[in-house]
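In the two assemblies presented below, chain A is common to both, partnered first by chain B and then by chain C.
So, the complex of A and B:
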């Protein structure tokens, strides 16, 4: 597949690139926002630091993808602080509020998300857009730790009665929303993303592969997804009736997102900002 | 007192979930500008003066600078960051940009953040490793 030249994109290529990048960036950004709610509230100091660190990584990854959107004329503050919340393209999994104090929710969400993230990044490794391909290695190496962290916690929690029960409750709540990770923003544009070589797997392929990994893995811990996605022994499929009403990708979000968006843009609006803040002034 | 402390699991190992990966180096990295001449060498020398904000090590010895070119007074610096969520990103890139632009015979400078090849500990120079050991890191 020929590499796309950033300076010579036609309308179809621009639209496909924008759609793909917003899916990637918004997922990471909103997930990080939710993770930060655990700061100083996680069950132990170590788990607190680990999740805070993962949140920081996700913000870094979001920024790497928003950076590429700047090739298309977008600006970071407009994308984050001035965009209509209904134009965010993240899957509804990442916007759901945590049940108060329910660490199993954070752990399971992280597992479901990071397992999908791994597959998605693999499918971007040879992207026809060079800046995407160049970023994948860096992001993957950081994401490996996230998945390892989530898996370890899921296994440990599943080992105790209360932990197991909480994980099952979280799975019942989160599983339908996790399926929206593989939903289209617009089916035609999603076809373009693959045809143009921006990503080398379709959403259906990614979703089915994800199911074939997470479902047996959860079942081995005696955790049952609330809906069966299994067609036969090793075939899985996402069907319409398994999905929640709000799928995020198409701009349909749960109320929790609008509240979160209002909160995260509050200070920016309140202070009349027109650009993102920096850690310190330029050195003399 | 001690009876209140539960017995640690006999099989427990410290940091069981952490694997400290060394990573692979890239053939042409770390770049240190040792073969650079003229204005480019001056830019490298100036960049040596910039320290990492958290550790007493030059950004060049840390392996963050991947390349420097100067053409017609325009300096282009390729650099990376140790990890993607680096909170000092703006501070560092601005410092590098301004330092390069301040070099004599450089009129303007640009920093291009690059992410491939990804930075690993192997990108730290020998001098850098000494500095980090001196600081107390095991490397």
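So, the complex of A and C:
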């Protein structure tokens, strides 16, 4: 597929690119915001540092994606601090508040998310938008650590009675929201994303592949997803009845997001800012 | 469980002790060590070692190097001609440095 020239994008290409990048950036940004709530509250110093490190990574990735959006004329403050919270396109999985003090929630959420992130990044490696393809490599190497970290914790928690119970509770709560990772912002635009070669797998393909990895892996630890997505031995499918009401991608969010957004933009508004503080020039 | 962590800055260098991490097993210990000890300083490799597996012997247990004069052990105790092989000269220098560090002078 021919590479898209950033300087010569037509309306359809711009729209597809904007949609794809907002999905990517908003997921990483909001997940990082939630992760930071664990800072100084995680069960051990080591787990605290590991999750804080992952949050830092996700913020860095969000910044890389928001920076690509600037190619389309967006500015950072408009994307983050001045955007209507209902225009954020992240999946509702990443905005849900943690059950208080429930480390299993953080660990399982990370596992569900990072498993999807891996597939999504693989599908972006040969993106027709060169800047996307360039940035995927460095993001992937950090994401590998996140997935290993989450997998390790899930396996260890599943090994004990209380840990297993907490994981199952978290799975019951989070699984439907995790499915929204594969929901469309707008079905026509999602088709364009694939047709233009921005990403080489459809949302359906990504969702089915994710299920075929995550479900057997959880079942091997005696963890049962609250809804069965299995059609037969090795076929999985996301159907309408499995999804929660709020899907994020379409702008429908849970109340928790509006509270979080209010909190994270509070200082910006309070200080009457009109631009963001930049520590580094362009993100690398 | 405590794991002592050793960091190697560049391939070929020694791994030197740099701190420890709490972790239930080796796999988690390596993951935590990567974040805690490999993130800010240049790192080529890390070792994690269970603290309880480390054997220790200290000055309370033994007089290191013995208690009598054994300066004959040191190449610096011998006269050299000044025309010796480079290796001998280097070895002398190394031992002179080691002696100073031992506080034997």
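What we mean here is this: the second predicted complex is superposed on the first by the 277 of 284 C-alpha atoms of A that agree within 3 Å, B and C clash if a C-alpha of one lies under 4 Å from a C-alpha of the other, contacts with A are read in each partner's own complex, and residues count from 1 in each chain.
Here is the rule we go by: contacts are C-beta pairs under 8 Å (C-beta built on N, C-alpha and C of every residue); 3 or more make two chains touch, one makes a residue touch a chain.
Note that this is a predicted model, so its numbers are computed, not measured.
Q: Which holds for A:271: it touches chain B only (first), chain C only (second), both, or neither?
A: neither
Q: Of the two partners chain B and chain C, which one touches more residues belonging to chain A?
A: Touching more of chain A: B.
Q: Quick check on the superposed pair: does A:44 touch chain B, chain C, both, or neither? Answer first, second, both or neither.
A: second
Q: So, A:57: does it touch chain B (first), chain C (second), both, or neither?
A: After superposing on A, A:57 lies in contact with chain B but is clear of chain C.
Q: So, does A:148 touch the first partner chain B, the second partner chain C, both, or neither?
A: A:148: touches chain B and chain C.
Q: Does the superposition put A:139 against chain B (first), chain C (second), both, or neither?
A: first
Q: When the two structures are overlaid on chain A, which partner does A:2 contact: first (chain B), second (chain C), both, or neither?
A: Neither partner.
Q: Per the definitions at the top, what is the overlap between the chain A residues touching chain B and those touching chain C?
A: 148-149, 152
Q: What part of chain A is in contact with chain C in the complex they form?
A: By the definition above, chain A touches chain C via 44-47, 49-50, 53, 145, 148-149, 152, 156.
Q: Chain A touches which residues of chain B in the complex?
A: Its residues touching chain A are 17, 21, 23, 83-88, 90-91, 94-95, 98, 113-119.
Q: Any idea which chain A residues touch chain B in the complex?
A: Against chain B, the touching part of chain A is residues 56-61, 63-64, 67, 133-135, 137-139, 141-142, 148-149, 152, 278-280, 282-283.
Q: Over in the complex, which chain C residues touch chain A? Could you list them?
A: 21-24, 27-28, 31-32, 34-36, 39
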